[in-house]
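Structure, as structure tokens:
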Amino acid sequence: MILFILCFILFVIGLYGVIMQRNLIKIIIGFAIMEYSVILFLILIGYIDAATVPIISESFESGPFVDPLPQAMILTAIVIGLATKALLLSVAIRLYKKYGSFDIREMKNLRG
Amino acid sequence: MIDFQMLIIMPIVIGVVLFLLPDNLKIIKGVISLLISAYTAYLSVMVFSLPHQFIATLGSINWLYIPGFEKFMDLKVDGLSKLIVLFIGIFGFLYSLYSLSYNRRRAPNSEPNHIPGNYHTYYLITLGASFGVALTDNLLLFVFLWGLLGLTLYKLIKGHNEESSAAAKKTLVLIGASDSVLILGIGLLYICSHTFKISDIHLGTTTTLSTVAFLSLLIACMTKAGAFPFHTWIPDYTKDAPASISAYLPASLDKLLGIYFLARMCMSTFILSGWVTLLLLIIGALTIITSVLMALVQHNYKRLLGYCAVSQVGYMITGLALGTPLGIAGGLFHMVNHAIYKGGLFLTAGSVEKHTGKEELGELGGLCKYMPVTFAAALVFALSISGIPPLNGFYSKWMIYTGIIEFGSGKGIANQLWMIWLTLAMLGSSLTLASFVKLISGIYLGRKNEQIGTVKEVGFPMFFPQIFLAMLCIAFGIFAARWVIPEFFEFTGIGSWKSLPGLWNAPSVSIMILISIIVGFIIYWMGTLKTSRRSDSFVGGEKLQQELSFSSLEFYKTIGTMKFFNYFYDKANKKWFDVYHLGKECVLGLSSALSVCHTGILSTYVVWVVLGVATIMVLLII
Amino acid sequence: MNSLIPLYVVIPLGTAFLTIILGRWFKAISKILTIPALLFLTGLTFYLISQSPQTIVYRVGGFADLLDIPLAIFLVADGFTNILLLIISVVGLLVALYSLDYTKRFSAEEKFYALLNLMIAGMYGVVLAGDIFNLYVFLEIASIASYVLVAFNIEKQQLEATFKYQILGGVSSLLILAAIGFIYWTTGTLNLADIARQLPDANAFQIFVSVLLISGFGLKAAMVPFHSWLPDAHSSAPSPISAMLSGVLIKAIGIYVIIRLFFNIIQINPQIALTVTILGTLSMIIGVFLAIGQWDFKRLLAYHSISQMGYVILGIGMGMLILANGGKESIANLAITGGLFHMLNHSIFKALLFLNAGSVEYITGTRSLQKLGGLSNKMQITSGSSFAASMAISGIPPFNGFFSKIMIIFAAIQAGYYWLALLAVIVSIVTLASFTKVHKYAFYGDLPSKYENVKESPFSMALAMSLMALLCLIMSLMIVPSVRAIFLQPAVDALMQTTNYSSIVLGK
Amino acid sequence: MELYLIIMLALMILGSIYSLHAKDLLSAVVSYGIVGFALVISFLLLQAPDLAIVQVVVEIITLIIMIAVITNTTHETESKKLGLGAIFYSVSVLLFVTVALLFMSRFAFVLNSFGQHVTRMADNYVGSVAETGSANIITGIIFHFRAYDTLGEATVLFTAVIGVICILRHEELKAPDAVKIDVIQTMPKGMTLVVKNICQFLAPVIFLFGAYVAIHGHLSPGGGFTGGVIMASAFIFQILAGGSVLDKLRKEKWRLELSESVAIFSFLLLAVLGLLIASALVFFANFLPTGNIGELVSGGIIPIGNVIIGIEVCAAISSIFVALLIYKDEELG
């Protein structure tokens, strides 16, 4: 259970970063950390004691395997995460050009 | 047997067809609209001859038949709705005729007229929807058509400048709000009675639910008819809308329908309890007094007429609130009379406006020579609205006064206070007289203002409706006692006129009316006192008319400087008594408070999410 | 017929890919492909709806279930899905039509259409998904496409809006992913129907997952207090995109999933139902009060989206509450019908309003209401269609919004939630007030001298707006029982028979 | 085993705390990298080699992109603090943590504890993976049973790439080819000769390795995504080390964009072919013979899918990078 709690703490740190940081890049980092914690959480779920890598092989006895489904899901999630981060970074670099800084506090034209 | 469903269907369908025609066929559209309204007027006369309690359904028209929908399409003709249908038909035709000429381009030197686009479409849809409102026996169809009326009302005023678009906005907001409240009321009514059939509902206003339902419906009626405190759209609307539309909707149809529905509620749908009666009487009295006080100080004649239109609603509500046969009959009779003379007044105002291009009393004067017919009609209407015998306004007011006195003999708080209602009603009548002396003298008497160019009498299409309505006023007045009022009782099924013989000859009421007329002149004279002295020193031995024309201008200042009134006028100018304005202030205040919270900072937003999740968790953990 | 279901995803995706491949050589390819593709899908949707209401279950890859446990990813199209398919197709088609002229001023036009198609494909994928992870993936497609489209013109405000939108959208995606993890933890399955069977009865765990899902999808649906991204994103985006976001996206990836999950998958639960209803009510009120104070045309509309979605959620949440508390089914039916009807209506009139705002902005170059005025004579189609949409959203007859509004209010009254009915009425009044404000400042009043020579917007924009205004009227017909039976009733039935979903989908 | 994981998690927590508190953005990014690599090791410990390979390469690429962004903009972080707001924010987060932990403690006992996972759906996949002919169960799942998800995933990447290209496109450019940009800025000449030479030698090897991983995805750890990311890294190294001219980069970007879309389109075609060829009109039918487990030519369409996705991912990630470089030249240079 401690693993899950640590995972949750990692999530909270990421969240805290997103909330408290003023710098766009650091907000993105905080967001990425949140994402890591969720990814890790799913893999932790799928782990089974004394199970092997889910690859069928003739050389050694196959199974029991760890749950392959979360791994398949996470493979997708990692790619999605990469896509999101790339997009965020490209927006950040554009924002830097427009505002001359990475400070999110200055970006409040849209309010009210 | 006639297809009186066509009353509803045909104007709406033709209206939509006209919408599809190109806009530059204005005259053709006008003629089509006139023909349709003539046909519906004919149909409405036919409906008038139908037997009582006639039931039909809209769904009986083939192409409109929708399976499973018939029950929402019930129509029912009874005495009350017949009466309303007849007058809607007449007004629809007259005003359509009037519009033909009124909508044409004016004299080149005057301002462009502000006739909204697709005028005839909305005119006809209004007509059909009004017939529908009067005839339907299903609350859902009722609310649908009722809402449609609000929509056309909005589209029939052209927001050509800041002021008129503000008026349009205010109108739609108030009417739309009352429609929403109406929906709430109908929902509550359904809970109480488990039916949408109007004629099947008979509820006491004893439980909270039914009282709230009644109040919701009441608000809808009051807004539509224009009673205090929901009346504020009417003066704004009448000031900026075309005169034909002011006559058509706020002065005639909206009054007819609003009071019609109120009458239906008071007569059959609800059994009023003492408190509700008291509430209605207070509303009635307040409406009479506040609006007529406002009317006194207006210098735009269309606005003045708007305020007077509101004031008269007070009489109708008072009459209906009494709950006695005499009171209800008086209220309904007053409704009809009012629709006639107030519609007529707007028509005459429209004629004046079309030919002079002026809307301020101070810029006009002495038109009686140039527009004699209009002047004569206006005079009849003005005398009628002020309750001068033997015109129709006198008789309906008289019935209401008698009703109040009769009502006073009953037990209950509202009954005990009958003196107050009577006094206020009579005071209102006096003030109405005062304001109309001002109107007539301001426009028609006195010396002609040089700024106005040549003025001609209006053409036949405008001239005929005015005369016709004036004749109606006179006819209703002359034949009131012998024929109109007894028929009225018969028709609406309130009771028998002959059962109340003792009241007709009550001399006390006649004396009261006389007193109120005298008081009215005194008030007007008091108002002119100061200024005539000043104008004396200015013009010397000129004619009396000139003093009058001057004093009508200065009237506002005189009344306005009286200490007691001064306070209220001041507040009224700041819109303290305007429900719309108050609501607007509240909503905008709340809005800006919420808006401040949206700081535009991402961190805050994320914190909201976090707090939101936490709050939901806390709520669910318990 | 079943095999036509994948086309919903294949066709927009194929269009998007082809657009990028060929776009460099054939400039017009994006337009030539997009309109017929969406037209075809619209036709297909009507065909699906016209068939007798039955649930179509499509197993991607054709793998049969093993030991009663699904193996393939399911695509499920039942009555409720059909409604969403209808919304996406029709609004998508009309917005694409509108864009034909609107995007002429854009650079990288073909990418705009590619992204639009991707977003549409993502939304189709979400509403068709019968598998929670597949739903997540397609949700991401739709979201990421929308992130980009919001900032398509790379203006300062757009970038700012998209950054906030992305961070909050990302947080919501993570919440959803975590919820999927939790669900997988206990049930060991991803198939929605299977989850419905496996998920334990109401307990703390189920509620926790519900909280994650409510907040995750609530963020996508912009329910208060998760709404803060919406006004920024929807007002900054190019107008056709605002129309798609407000008209379709928040419904397809937000409201739809919430309704589907809490009716059919997670056992109906009074606490959750109450929470959803409260959130709906809050959104309804706060949204409208924020809206009325706005001076930015599109921002005002954006806040109304929050409010109107609150209306939808209110109707459906009440239905859920009544069902969960064992109240009268007929009232629940009315409430859900009202909610779904309003959702359908909102997609049309809100999309139309955004298109109107876009048209005004296209012609005058501003969307500040204070700088506009008197356009009703100059831009008759825009002002007329905007009038229809405004009256529809304010619930004035004979437009469609009136009927759905009346249904929701009546349902609230009949169920005994008088206060909710009162709030709904107040919201409808304030809505009306704010749209009369729009009309007063944008279309009525004095025409500023610099707009003396403006003309109506180009043909395709005007056509799309007129069609939508017509739809605002025509959709009123859905109140007619026979029409309702075709369009709305299957959806309501699918929701009302809460537990039937899994048995129908799994075939027993 | 659990202990190692705890250590890794602790490392991740420390790394993330430092990363969020570092004054300099570069060190923040680098310590963020530590978090990512700790995650890779955790994956290895958790018997997920596929993920570990993908994660390590994705991590490197993310770091490269981040560093590229930072070097083109600023290292500085804002020194201003949040003031009173910070207290409110902290309290809210604390509240959230407390409530969430309280809530979770209420149902924690009903969940399977770590390592005691009970599979349900996955049993079926493991049981029937033999029919796919794929030795790697994960590849079997993502290209056979859940190939539809993979289509979605590839589309997400495609969308993001189109998005990045859109957002980083030249602002003044109103129509893509109408205006010729006058900024003909050259890339830096690349790195030193030694690095260049080594890269020239290494890049093809890395590329080949990536291709190998992609092609053998159904047999060994890795697959289309993994292989694609590795191939992309080879490409990126070459550009970084060798340097390139803007015009050439533009052509490169277009080529990458094209190959990416062609690849993903052919993946879609592969899926639709199933719809057309398979008798039952099945979307994503594996219509090719599946062969025997362990052979290279087995698994039906799985290897084809792997290769296509490999190309798509490679092109996608490379074009993100190239788009960044072009942006740097056009807007900043």
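So that you can tell them apart, the chains are marked A, B, C and D in the order they are listed, and the count of residues begins at 1 in each.
Operating definition for what follows: contacts are C-beta pairs under 8 Å (C-beta built on N, C-alpha and C of every residue); 3 or more make two chains touch, one makes a residue touch a chain.
Given the structure is predicted, the values throughout are model-derived calculations rather than measurements.
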item: Chain nearest the overall C-alpha centroid of the shown protein atoms; value: C
item: Chain A-chain C separation of Cα centroids, rounded to whole Å; value: 28
item: Cα-centroid distance, chain A relative to chain D, in whole angstrom; value: 12
item: Cα-centroid distance, chain B relative to chain C, in whole angstrom; value: 42
item: Centre-of-Cα separation between chain B and chain A, whole angstrom; value: 66
item: Residues of chain D engaged with two or more neighbouring chains; value: 82, 89, 92-93, 96, 100, 103-104, 106, 117, 119, 121-122, 125, 146, 149, 152-153, 156, 159-160, 163, 167
item: Two or more partner chains touched - positions in chain C; value: 133, 137, 140, 144, 147-148, 151, 154, 159, 163-164, 167, 171, 185, 190, 208, 211, 231-232, 293
item: Overlap residues in chain A, where contacts from two or more other chains coincide; value: 15, 18-20, 27, 45, 69, 76, 80, 83-84, 87, 91-92, 94, 104-105, 107-110, 112
item: Arrangement of touching chains [line / ring / star / complete / other]; value: complete
item: Complex contacts: residues of chain A adjacent to chain D; value: 1-10, 12-17, 19-23, 25-26, 29-30, 32-33, 36, 39-40, 43-49, 51-58, 63, 65-69, 71-72, 74-76, 78-87, 89-94, 96-97, 101-103, 105
item: Sites on chain C touched by chain A in the complex; value: 133, 137, 140, 144, 147-148, 151, 154, 156-157, 159-164, 166-167, 170-171, 173-174, 177-178, 180-181, 184-185, 190, 231-232, 235-236, 293-294
item: Interfacial residue positions of chain D with respect to chain B in the complex; value: 82, 85, 88-89, 92-93, 95-96, 99-100, 102-103, 106
item: Chain D - residues contacting chain A, complex; value: 2, 5-6, 9-10, 12-13, 16-17, 19-20, 25, 28-29, 32, 35-36, 39, 42-43, 46-51, 54-55, 58, 61-62, 65-66, 69-70, 72-74, 77-78, 80, 82, 86, 89-90, 92-93, 96-97, 100-101, 104, 108, 113-117, 119, 121-122, 125-126, 129-130, 135-138, 141-142, 146, 149-150, 152-153, 156-157, 159-161, 163-164, 167-168, 220-221, 223, 225, 293-294, 313, 317, 320, 323-324, 327, 331-332
item: Contacting residues of chain B [partner chain C, same complex]; value: 66-69, 140, 143-145, 147-148, 150-151, 159-162, 164-166, 168-169, 172-173, 176-177, 179-181, 183-184, 187-188, 190-191, 584, 587-588, 590-592, 594-595, 598, 600, 602, 604-606, 608-609, 611-613, 615-617, 619-620
